[in-house]
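See below for the structure under consideration.
Residue numbering begins at 1 within each chain, and the chains themselves are lettered A, B, C, D, E and F in the order written.
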């Protein structure tokens, strides 16, 4: 299996509900370094999984609405803990939809899976990986 | 599959037996950067795999007895080459036991697998990953 | 000149006032990786600038009150833009005071200068360095 | 499953054919940081997957002919886009052959799979992983 | 002294003349990670050295003409070894001119110095630092 | 001022004497990532501070005798705490001598200073910098 992975980052505020979060129940924030890996069984005729420039743009399109936001105030996240794990899935869902529609410049059926990795600090990160089909 | 991963490090001395190790047969040492990833099919109601703080504590509990040790003098490692690969398994076994017993704050059955990564230098590392059930 | 440097991190929310900040005028957040370097002309009789463990504790003592905070709501930062640069100086002032008082375990006169580095993302950071005397 | 991974790097020139590459159709270059991970179900009697020193040598043997080369002028790459993804496979094929022949110092049947990762910049990388048997 | 530093990267081809370069006399290439640090004695009324966004743009303006280029074919570099060290100075000269003209959004006299760092691989980099006045 | 910096690493065992070291008084070990930066006011006619390949060799020549050693058993370190700071100076002294003798391929008088950085973990490092003349 081949993969190509690109990264970007966002700087957001948020808070969590639930005793398990301890001090992170308070309004705080994070720099999230977000990577998306597109996996494919075969390279396309150009010799790529998907174009790295286009992958960067697709990731940026998902992240731009979140940049410099207080996630607690984003309507679609109302009542949700926007944990690092949650964000891996949020980004996955958007990029999976884009990939299925062929927006990465390749027939979506040829992209087998996507993995999203979100690092919140030098010592903690989360990822989500799932097949597209 | 979701994963959450945290890291810590230890600074130990050890030596290896076996011609394959060349100069590493002598008593030397390493800073091992150790990461544990907990994998789960689903997030819990808080929106997490396991709490990152608790994951750090569980990893620290396994690593603390090894910090600043000469592994050649640790009774449980007698006669064993404490290679980077061996240590991935040692840490795995302890954290797998903790996870199965629910010590990560979640029913152990909901944690599908654990991956331990140990980096010994900027250019070499090892990992061990296995399902818990 | 010798230096010894240790790192920790904080995850905070804040907002900025001033058109120059563009979208960062909104409430957002950051993971700040904060390093402190203590500089000295000579090593002490133990062969160190200051003890690395003690340096970690001194840095932690300055950072703990900021962890998981909304800096906009911290009284001492009222009316201040808590920029990356500002935070380098905030941490410097506290650690310079600690060093001058001998709290790093060495006569403060033997510590020549302190440098604080704060990274806000993989592609941006700030630092502040000044002599102590 | 265990893995041991080592890294090296090459600095090469190349160009791509295909409108998808945009400005990268011009003759440009890259520092490629190349990692190889050898995966095995079991450790050998020494407690290793393969010797890290030998793994470094095997990787170096594949990379040396590429170091400081213009890949456009390498006969075996004639008419090929030497993309990051392509190079993961090129390195895989050579190291898979070496592993199957036992050149890593272990019966090739005991090495289950190889993963090659090639980073082209701090924000983009590719990998290829496949079983050996 | 305060500093704020931002980074970007370029992927270029080039060759060197001179026996000292050994195999790097051949046409090869590099990913150069380029950082610029602006140094100032005092923060401006916003609490910054210069705006990080504007610093990124200024660096990008200098690097864009070099991206995906064969530096051997760039007229202004004719007859020059475009070494890592040379590039630190090339970037310095352009950003020093921009800073002196106030293009970083601050009276150039308030920027004391600039440091350019160029990393060519995980194990080699160069920098150039000089006062602006 | 220009600088060129290269890195290598060693994996050693050692112990410290002195209550300040706490648990590090026991025999333990470290992976030390060691960097040397050569500083010069001017580039040579080739456009370099010193050749990066030659800098790597000079650093390797100093580090090779320490690789895979128990520093407590190295005669020249008898009675000395081989702290991270101490090692910055040890490496400095050897490379300063080499540079003064012209062994870096350039008249030693043209190398203004050397800085040695030794990282012992992801969160702690030391450095030593001094002029050569």
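Here is the rule we use: contacts are C-beta pairs under 8 Å (C-beta built on N, C-alpha and C of every residue); 3 or more make two chains touch, one makes a residue touch a chain.
Everything numeric here is computed off the predicted structure, so don't read it as measured data.
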Strictly by the touch rule at the top, which chains does chain B share as contacts with chain E?
D, F
Which is it for copies chain D and chain E: same residues on both faces, with over half shared, or different residues?
same
Return the chain whose centre of C-alpha atoms lies at maximal distance from the corresponding centre of chain E.
B
Chain pair repeating C-F, as identified from D-E, A-B or B-F when over half of the contact pairs by residue number coincide:
A-B
Expressed in ° and rounded to a multiple of 5, what is the rotation angle of the C-alpha superposition of chain A on chain F?
180
Could you pull out the chain whose C-alpha mean position is farthest off from that of chain C?
D
So what's the Cα centroid distance for chain E and chain F, whole Å?
27
Got the chain A residues that touch at least 2 other chains?
7, 120, 122-123
Mind pulling up the chain A residues that touch chain B in the complex?
16, 18, 20-22, 80-86, 88-89, 120, 122-130
In the complex, chain C residues that touch chain A
7, 9, 11-14, 23-24, 26-33, 67-70, 73, 120-123
Help me check something: in the complex, which residues belonging to chain C touch chain F?
1-8, 43, 46-49, 51-56, 105
